[in-house]
């Protein structure tokens, strides 16, 4: 199942419109090329809708949001919604400032998202308005896994979107369904933008697998984590986070559907009554 | 001949002012340092002309153009024109939005370019206003090479600029003259920004070789493609597009004039009557 | 002493708010993660003060300053000053345009900096208003070391900040005290952003060592230069500036306090009467 989603992505080569932060834009672009998709970055409000209309998926990442890119996100998102294209939200640093919290709330109110990908503090900030974010590379783990699962499913139902809550155990929730994923390596937290990259990858998987959103997002999470594992095994003892960053994306470039299926540590849970 | 242009570039170490997209700005800066030039990135309208005046060449790249950087491009371009510095246009994504098409048309109308570097869909969009761009990493190859040559030469005469139309076979046209280049490797399309990097390299070669624009642009195209070939031969079987990206720029860092002359697959055509 | 500052940095893992240029933002973020700190990049005026308030240090880098980020720098700097957080200024390209010179002067007038890090042409431009900058990767060496030392100490006293004047010999001055550092490798000038990275590292060292500013800044300068030396020894003969860039940051990732102490070529001078 997971391997089919990667095969579809490689075959369809979707064009993903990214309105994303300048810190990790290059990594996201190369990651999209590594997985078989193509990137287009365009964030001026005057062209955002037009670019979205030529794409097969849209990523909105709040990393370095500003007064110019926020209206571009809205315009691109509305166009993508009108055309039925999947839109992914990465609420980087949500809760860390009023601008981020209000922008995230505005986007959630105005747009339909296919998926929302963040760490637990970011997703919580979206859901509750509380502020507990520590930078953009940090993760909170202040609740038991079963509580996090219920929280993610509730958020998914509320927003009508797949919610990917990433942490030591990744939770992908879609309504009453969910998948728990244990791929990944702690050193990924020492590379800037692995979360941004996963969100871009999520948009690519969704664009190529419109009928299977839970599987598509789960496959993206598994693939990113598995590449983090593969890359870590290849890391020399003198190498650090820059070598690791490159090896993760290179592993994705070489990842086959079969390898993904064999390496994925995903457990799909039976649907739960609410 | 080609080797002389690289020797001149290494000797003169021109400072290249880049108004370029944030996705590949770091790659362009390191590529300029690799070839022997120096980069300066500055895109606020309030300083663009001043920075241009201290440079030996100017690159205008439309990749992530916005309402702030467009007037900066115009101001820098006018200053560079007034001082006789070479200006290179990379019309990234031209045809993909009205903003890009109109900005490109405005710049072509207001400025004199030494060279324009794009894929065939971008150059066609500039010439005809038609829209056939698919993202920024795609290339159209919908015409026979001889037609593309005639098209590039016509565009060159119209704009008074060297036109570098890159694709499976690269065409560098200057009025009635032209050069066909077959360096490169298809995997370069899986690295974001190799086109942007080539445009930056073009500006550097032009700045160091003011009297030989066709040779300078051809040398840049050959050098970039040759480095793509060298880098691909060095690529390990587990490596992907990130390793490849680095090896391309590293190959340029180590490229000697002799190696360029030996590896260039360039054919200068006899001047054609129009 | 120097090793203690790195041990403190690794232990405290400060969050560093960076308002910096888009060219090297990714490198700065990964460098901060490599040294044990965490980055947060946020440059909209509407959130700059809030983000600064959640950080332990602030970096203001003028590399690609614009009309939006200048007020963000001021707002973040005032908040950091109010909270007693260390603020580092990297006056990239100061002297190269009126916008840069005036912005630097405004920031020096409105804010208290813990440290100012630049090459001699940039620091001179700040101190005298003269313009002698050639791009952002160039360095001027038009004065004898003893003159440069006196100049740096005078600038330090004038601004009430540690001044790190980097060049063939790096000078770190704090009032009547100073440290001369001879780590580094000339090839670092062929990698874009090594100066930006050093400024980010300086902010991290200062944030973790509030009571020892001269030692903290000196340790940052030694660490960056030492990593440049280590990385150069590991460079293969076919590798260029991209491989070198990665190896520098990777060396920092692996740098131990003991290794720093053993490799630092720092000479602390006895305090001088003024």
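A, B and C label the chains in the order they appear, each numbered from 1.
The rule is short, and it goes like this: a residue touches a chain if its C-beta (ideal position, glycine included) is under 8 Å from a C-beta of that chain, and two chains touch if they have at least 3 such contacts.
Just so you know, these numbers come straight off a predicted model, no measurement behind them.
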| item | value |
| --- | --- |
| Type of subunit A:subunit C copy interface by residue overlap (half), same or different | different |
| Turning angle required so that subunit B lies on subunit C, C-alpha fit (0 to 180°, nearest 5) | 120 |
| Approximate Å spacing (C-alpha centroids) for the pair subunit A, subunit C | 33 |
| Where subunit C touches two or more other chains at once, by residue number | 22, 26, 68, 245-246 |
| In the complex with subunit B, residue positions of subunit C that touch it | 21-24, 26-27, 63-68, 93, 96-100, 133-138, 190-193, 238-243, 245-246 |
| Subunit C-facing residues of subunit B, complex | 15, 22, 25-26, 29-30, 33-34, 38-44, 46-47, 50-51, 54-55, 68, 234, 245-247, 249-254 |
